[in-house]
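First comes the structure, then the notes that go with it.
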Amino acid sequence: MFYHVKELQFNARGSKPDPRFARMLLEQFGGGNGELKAAMQYFVQAFACKQAYPDKYDMLMDIASEEFSHLEIVGATITMLLAGVNGEMKDAAESSWIGEIMKGSGAREDLINQALYNPQFCVLTAGGPTVTDSNGAPWSGAFVNANGDLTVDLRSNIAAESRAKIVYEYLLKFTDDPCVQETLKFLMTREITHFQQFEAALDTITPNFPPGVRQEDPRYGNKYFNMSQGEDATGPWNEGKSTRTQEEWNRIDDPLEYVTQTNGLIDVQVDEGIDAQALEDKTEDLSKERSEEVKSAVPESNIQWSDYCQQKSRSSHRSNKKKVMA
Amino acid sequence: MFYHVKELQFNARGSKPDPRFARMLLEQFGGGNGELKAAMQYFVQAFACKQAYPDKYDMLMDIASEEFSHLEIVGATITMLLAGVNGEMKDAAESSWIGEIMKGSGAREDLINQALYNPQFCVLTAGGPTVTDSNGAPWSGAFVNANGDLTVDLRSNIAAESRAKIVYEYLLKFTDDPCVQETLKFLMTREITHFQQFEAALDTITPNFPPGVRQEDPRYGNKYFNMSQGEDATGPWNEGKSTRTQEEWNRIDDPLEYVTQTNGLIDVQVDEGIDAQALEDKTEDLSKERSEEVKSAVPESNIQWSDYCQQKSRSSHRSNKKKVMA
Amino acid sequence: MFYHVKELQFNARGSKPDPRFARMLLEQFGGGNGELKAAMQYFVQAFACKQAYPDKYDMLMDIASEEFSHLEIVGATITMLLAGVNGEMKDAAESSWIGEIMKGSGAREDLINQALYNPQFCVLTAGGPTVTDSNGAPWSGAFVNANGDLTVDLRSNIAAESRAKIVYEYLLKFTDDPCVQETLKFLMTREITHFQQFEAALDTITPNFPPGVRQEDPRYGNKYFNMSQGEDATGPWNEGKSTRTQEEWNRIDDPLEYVTQTNGLIDVQVDEGIDAQALEDKTEDLSKERSEEVKSAVPESNIQWSDYCQQKSRSSHRSNKKKVMA
Amino acid sequence: MFYHVKELQFNARGSKPDPRFARMLLEQFGGGNGELKAAMQYFVQAFACKQAYPDKYDMLMDIASEEFSHLEIVGATITMLLAGVNGEMKDAAESSWIGEIMKGSGAREDLINQALYNPQFCVLTAGGPTVTDSNGAPWSGAFVNANGDLTVDLRSNIAAESRAKIVYEYLLKFTDDPCVQETLKFLMTREITHFQQFEAALDTITPNFPPGVRQEDPRYGNKYFNMSQGEDATGPWNEGKSTRTQEEWNRIDDPLEYVTQTNGLIDVQVDEGIDAQALEDKTEDLSKERSEEVKSAVPESNIQWSDYCQQKSRSSHRSNKKKVMA
Amino acid sequence: MFYHVKELQFNARGSKPDPRFARMLLEQFGGGNGELKAAMQYFVQAFACKQAYPDKYDMLMDIASEEFSHLEIVGATITMLLAGVNGEMKDAAESSWIGEIMKGSGAREDLINQALYNPQFCVLTAGGPTVTDSNGAPWSGAFVNANGDLTVDLRSNIAAESRAKIVYEYLLKFTDDPCVQETLKFLMTREITHFQQFEAALDTITPNFPPGVRQEDPRYGNKYFNMSQGEDATGPWNEGKSTRTQEEWNRIDDPLEYVTQTNGLIDVQVDEGIDAQALEDKTEDLSKERSEEVKSAVPESNIQWSDYCQQKSRSSHRSNKKKVMA
Amino acid sequence: MFYHVKELQFNARGSKPDPRFARMLLEQFGGGNGELKAAMQYFVQAFACKQAYPDKYDMLMDIASEEFSHLEIVGATITMLLAGVNGEMKDAAESSWIGEIMKGSGAREDLINQALYNPQFCVLTAGGPTVTDSNGAPWSGAFVNANGDLTVDLRSNIAAESRAKIVYEYLLKFTDDPCVQETLKFLMTREITHFQQFEAALDTITPNFPPGVRQEDPRYGNKYFNMSQGEDATGPWNEGKSTRTQEEWNRIDDPLEYVTQTNGLIDVQVDEGIDAQALEDKTEDLSKERSEEVKSAVPESNIQWSDYCQQKSRSSHRSNKKKVMA
């Protein structure tokens, strides 16, 4: 269950209207890396792990709820940056000033003129946010990545936080309002924090590579195909050992020839030093372990999501909360 | 700021997995009339009225928060109806049973077989909801209607609740799980409740018709154009008086002839009994009143969204809350 | 069958090109509250009620056809506001003046310069409308709400008309072209008219609340959950009686405690004064009545949509049309 | 202005419900090659040519209106194929039969069971069409191609008709209802007809190749780059002369080498037999001609779309209509 | 398999940054008629004809690969036109100059100021392209037309090339950078070339009209419905003979009357001179021929896409390539 | 420039048609984690780093090209799994068998019957892939994450590879065709490989945390807000030190109280042990370094993307390629 309290998590303020920056800030309201995406992503991921991984569920819901709170901060800031628009729009009878807008000759005219960079601020929302990115493209459910596996989902989150962080970093260059800058710095910082939380959670899962359960086909894991020719470069991504499987990189300089010679890679042999059987065993063992982990925690009939008795006892002992933590 | 408590607002349960119904229920998770749409719509509308209409803001945020809580209930139910899928998917090594799936010969096979009505339940989310409708079309920010005017927004909400209600009514016919039926009845009932809340709020605004501020052009308000010919019908929508402006309907049976004779309606005269000047005056008066209402409440510089001092005092007197209500 | 006549329903004109306003006006061509949405919504709703409710079918198709005619007016106006763009674009050989465009030093340059606020006016349509909103987001079939139940659909329409009305109201502030203002006033007025038509039609359906057939679960209909805390407000939406069911509001100030005490609302009792049995009976009676209404009118085999014989006789007696109305 | 008459253009009927085919048929209602796309495409294209090319405007609007009429036929057919669904959905109280649906044991159950292939037919529209394709993806304004140039637009239409034709051809294989087959054959045939109408119109424009005004860069028009190697084929697309410019194909067998040798094609010389100056002259002449054509017909101020006087006179002489045709 | 070489197919360059034009050019990167659409369309069409029509497969893949190469050219050009943005964005600490941006007083400020016409160039991509059109609407898979029939697909391609050509023609008017103009002229010319290639390929298929296999219903193919009345025009699209079937146009001036008299067209008779039986026979013959063509080439089991042996032999005889062409 | 060779990178084959699995496999063709997304993401990211980071550019283009090659493998496999559909669809005259399809009584009928799980396989593409996910939702340009900063982009890629990997893992459970399994294993393995390549590349950038340039606001980086209450858990994400900044977690158990006490976090003090000045210095230093890195490599005028001279010399010394690698 979600609660709301009217106080923002952060004391967001605005020195003066700035519709142009309001438009940019939409990127973090309804854009692909924005707060709604983050909130919904963690919230949706949480469903799949509530029963089997309650500690991760707790973390995901803590952060999801904070992201909803950030969404509110961003929306409130956009609304403050559009202060004045709603009042003007209500003044329906007054239309003689339209010529003035075109000339941008006064403060009121400048305000509207700037707001028209995103015409929907005037003719659709009259001074509130839209659930779109900074160009007006609607938020999409497809932004949300939730794949029912924590070794994948947590990595999706680390990347999502990285993108959200850089967008705030970029945004910070386009406002000189110290209040707004302070808010942006808070929001940007929290992305750095969440990054580390998701990373710490990922580290508690062993093994967490490769993501999921199934191990690689040993014939293909260490090949580097040089598909883009001219000014080729080398680096630890195609020479030395791979970061995780610690296999020696085998660089295929002429992929066409290689593919042809190997009957479309079918005839490729496992390189020396790679233990195919071990990989197969690992898939099987992990398969058993992980499916058991989930199956033992998720009943298939008479399922109940919440346990209100537990809550009743908890709420009468709120002071003891820390002790009952998992 | 949003809080989350782990208990669902309603004790949602599931007797047994039912992936087929899970797919249908997605309509209320990520569909155009679903809980996310409702939650986001009221939440976004609330920004524009926080300062000028704090009582409506309170109501919108109460209901928005409840809708987020319903979203959680729907997501939890979908997850319970997919119980077993996640565990199967983790069993990566076991693939010999795929032939069985095709035949649907056992309980496990039936489960997966049904889940494949929406293949993403297996190959994308492994047993959790997607942020889509029942056909897999992603939720869109364009679902949210928020126009910066309560006489419009509250009507959008009444209609949204009506649609959400009927979808739950329809859904109720497709599950025979008594637990799920109970949950659906709760959710359906709340749409009926919210409908009445929004209606009550709309009634406190005078005048609230026409929506917005500007009155009609008196020449065109009472015309009924018979644009679809054959088996014409009459009813209070084209004979007698109109519901709000109480103007006598003037039915144009042959629109083409009428349009031609009036130089494209330019030469239409105001019908007797309609007071053009009164309408103009009303636009002007309301224009002044409504814009003043907003302008007086919304500062244009040094704007602060929350007042933490007030909260501090409030929280120390929580028992007196009712007394300080507006 | 649709016919077209080349005359517009309203004599739309334009005093001079104004690409900037053309961009804003796109909101009503391909935007979520625009004329295409309205036309398609009523048209699609009409299918489901043609047989069982022919009078509503007639009204929906009258208004749908008018909205298509309005779509044409809006498109024509946008095209007129972009007059000059198409001619310039055809002048492919002339490119020396591009520097001038950037400086905006002449009338021609100003025209193009303004058009570039929406670059697609130049590089995609060369002076015509796009089927998008004012920010270029494409029209979506998801804008259309049609739920196969008139107590729902008519409410969707009342809300849609409200939104369309306010957008025209807002738009009116951004043009000082008297011709365009006149057109906008006509279009805006018709939304007010349609609102009243839909409302009148809804009033002829008894009962029309709750929308659909099924009545509320009597335990949950009168509860107000105070989910957003701080600066709480009271109003007829949480004190006194509800607007339709006339139940006394029961305000839950601390939802978490309430939910916990009631085992997730499962143990809630019906409040005094609410007749659970009556509600159940009403669902059953209405269920029988409404399904019978439809079933008796909709054959399930050898279905024919139109009756051309009737038309033949009608067209030979066109002067008697009013008499044969239902 | 659009009119509607209640009779369908074609006497569409249905022998019995077939929700499965209704789902497939959605492809032509709200799909990318369907009737709404066609109707909207021709309608939107028409705006740009009304003044300068009134004969093409007439043709486009004739066909657009017919396509709207076809959209109605498709929607009506879908509704007939879902006959019975709406009545069932209104029967809200009856839910004991849900188990039966799962077993599909009776006619009613089969009906609903089939409808659930597209769950929105039951839980969203209750027996009417959605504005989506057969998989539920919403219609998009991006389907509409309108580029302000008839040599382009008419070709877009020829292709659109080709696609619509093949989809009807494919659909015909999935129904054995003779009524529905007849309707599909009518609709399919009309696509063939429209194809030829657009082609005939294109032929009246001289020159119509290349589309638009500007001629090719003579260095690059006759080159064929062999970018996909292995099993190369020859044909009139890379040997002999090109279809329109009648230039000899110059096949580049090793594009990388060629690009390198020519400094990224910058140093390519015009092949013998190609007259660069003539191309440049043609661009200039056509540029002048086409822009003049448009500019002379499109006033840039005091623009009026319709001329009602003309209509008045016309309507009083309806019997003479053919004589006043352009 | 795709290869990449680092050299562009065309030596694209930029004289100076021009973010405004970069925004317009996005239309050809991620817009509906742009290079990604073209590349993907031909690539996807190619799958269906690889086995039965290897010569067309070769051509489609040649052009698809060239379009991917053009996509790269367009993306590189956009990046060059945004030169300077990425460097500025990395300068995170420097924010004092924001006031300057607003005034646009220096080169650096002008650059950013112009980039903000599309704010995502600054706050999302920091100087690279987005996969959107010029207004920021994302590229959609629905842009791709591939219908499994070459008589349809090639026509889709002719139209697609026409649209791409005109967009480049329009774009050419908005840059005065000679380097960029040269690139655009190259790209525009290639659309003209591809048009002719697709046309030539279409001409090798006999018959290719109507698209697909099934012939028209002879009763409806030659009717012209005058659905848009007023200022009617005549032309070869409604008088004389149709372009392909060479049937005499039969113009229906009053469609409503005609439809009524013919019982919704059911009673229409085949016009003299049209041979219904011949059409039916043609459908049957072509049906047999075309399905046989495909079925004989496409095995239904143990299917293999590539034949590496052939490649081995081919690569050892590269100099003889032309001789083995089909 | 992209080249294509007709041989697939992997010898994809299919034992027999399986339209049901073809539908699932669409998830990796046009879905949000599929091959097109991957290919386009790396390709688009590459533009921004070509000049300043040519080694990363090489790697990104190597992998992008491989992903395009994988897209081809997936499309070819889908086409093989639909073998037979195209031939059936061409058999337009044969429609008597439709009743058989419904009964699914023969091999041919089963084939089509299964294909209809995604009706577009029959009525739209006739046996080829659509550019959609497994539910038919179109691919969107919004899937592509490219933010102009390698510390962000490489993390986006690591996450993208993780998701692609798990989807292949899930898919592997739904086919028992050994050929298809082999192909899927190859594709799955390559995601594991690319993951490690991106990780290795990220490791070469120092520092790479936080992503981007700007450091955290030291007051907010180490706070853990317990926003979801009940069954709280502890772990390295809220106790001990954070993974990167190595700050001690400061857990806020009652966020509302904390926020209120700190005036909306404005009054929060930097915790002991955190050096605010050092962070500020780091932002400034890194800001200078990174912007210089880019600015020195990216000319702002007379920019040229490719250097053909270099290529000429390179191609004449192809045997020496390895020696000239950076």
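As written, the chain order gives the labels A, B, C, D, E and F, with residue 1 at the start of each chain.
Assume contacts are C-beta pairs under 8 Å (C-beta built on N, C-alpha and C of every residue); 3 or more make two chains touch, one makes a residue touch a chain.
All of these numbers come straight from a predicted model, not from anything done at the bench.
Q: Tell me, please, which of A-E, D-E or A-B gives a repeat of the C-E interface, judged by over half of the contact pairs matching in residue number.
A: Repeat of the C-E interface: A-E.
Q: Are the two sides of the subunit D and subunit F contact the same residues or different ones, given that same means over half of the numbers occur on both copies?
A: different
Q: Can you give the whole-Å distance between the Cα centres of subunit A and subunit F?
A: Taking the average C-alpha coordinate of subunit A and of subunit F, the gap between them is 14 Å.
Q: Report the inter-chain centroid distance for subunit B and subunit D in whole angstrom, where each centroid is the mean of the CA atoms.
A: Here the centre of subunit D sits 34 Å away from the centre of subunit B.
Q: Would you mind pulling out the distance in Å between where the CA atoms of subunit B average out and where those of subunit E do?
A: 39
Q: Note the residues in subunit F that touch 2 or more other chains, in rising order.
A: 1-9, 11-12, 33, 58, 61-62, 64-65, 69, 88-89, 91-92, 94, 124, 126, 132, 135-138, 140, 142-143, 147, 149, 166-167, 169, 172, 212-214, 227-228, 230-231, 255-256, 259-260, 263-264, 306, 308, 311 - these are the residues of subunit F that touch more than one other chain.
Q: Which category does the touching pattern between chains fall into here: line, ring, star, complete, or other?
A: other
Q: Would you mind giving me the full set of chain pairs in touch?
A: Touching chain pairs, listed by label, come out as A-B, A-C, A-E, A-F, B-C, B-D, B-F, C-D, C-E, D-E, D-F, E-F.
Q: In the complex formed with subunit F, which residues of subunit D make contact?
A: Its residues touching subunit F are 20, 23-24, 27, 31, 33, 133-137, 166-167, 169-176, 181, 227-231, 255-257, 259-261, 263-264.
Q: Name, in rising order, each residue of subunit D that touches subunit C in their complex.
A: Touching subunit C: residues 1-9, 11-17, 30, 36, 40, 43-45, 47-48, 50, 52, 58, 61-62, 64-65, 68-69, 72, 75-76, 78-80, 83-84, 86-94, 124-132, 138-144, 146-149, 212-214, 283-284, 286-288, 290-291, 293-295, 298-306, 308, 311 of subunit D.
Q: Considering only the defined contacts, which subunit C positions touch subunit E in the complex?
A: Within the complex, subunit C contacts subunit E at residues 1-7, 88-89, 91-92, 94-96, 98-99, 101, 116, 118-120, 122-124, 126, 132, 135-138, 306, 308, 311-312, 315.
Q: Could you pull out which subunit C residues touch subunit B in their complex?
A: Per the touch definition, subunit C meets subunit B at residues 5, 7-12, 32-33, 54-55, 58-59, 61-66, 69, 137, 140, 142-143, 145, 147, 149, 151-152, 155-156, 158-160, 162-163, 165-167, 169, 172, 182, 185-186, 188-190, 192-193, 195-201, 203-204, 209-214, 216-217, 219-228, 230-238, 242-245, 253, 255-256, 259-260, 263-266, 310-311, 314, 321-322, 324-326.
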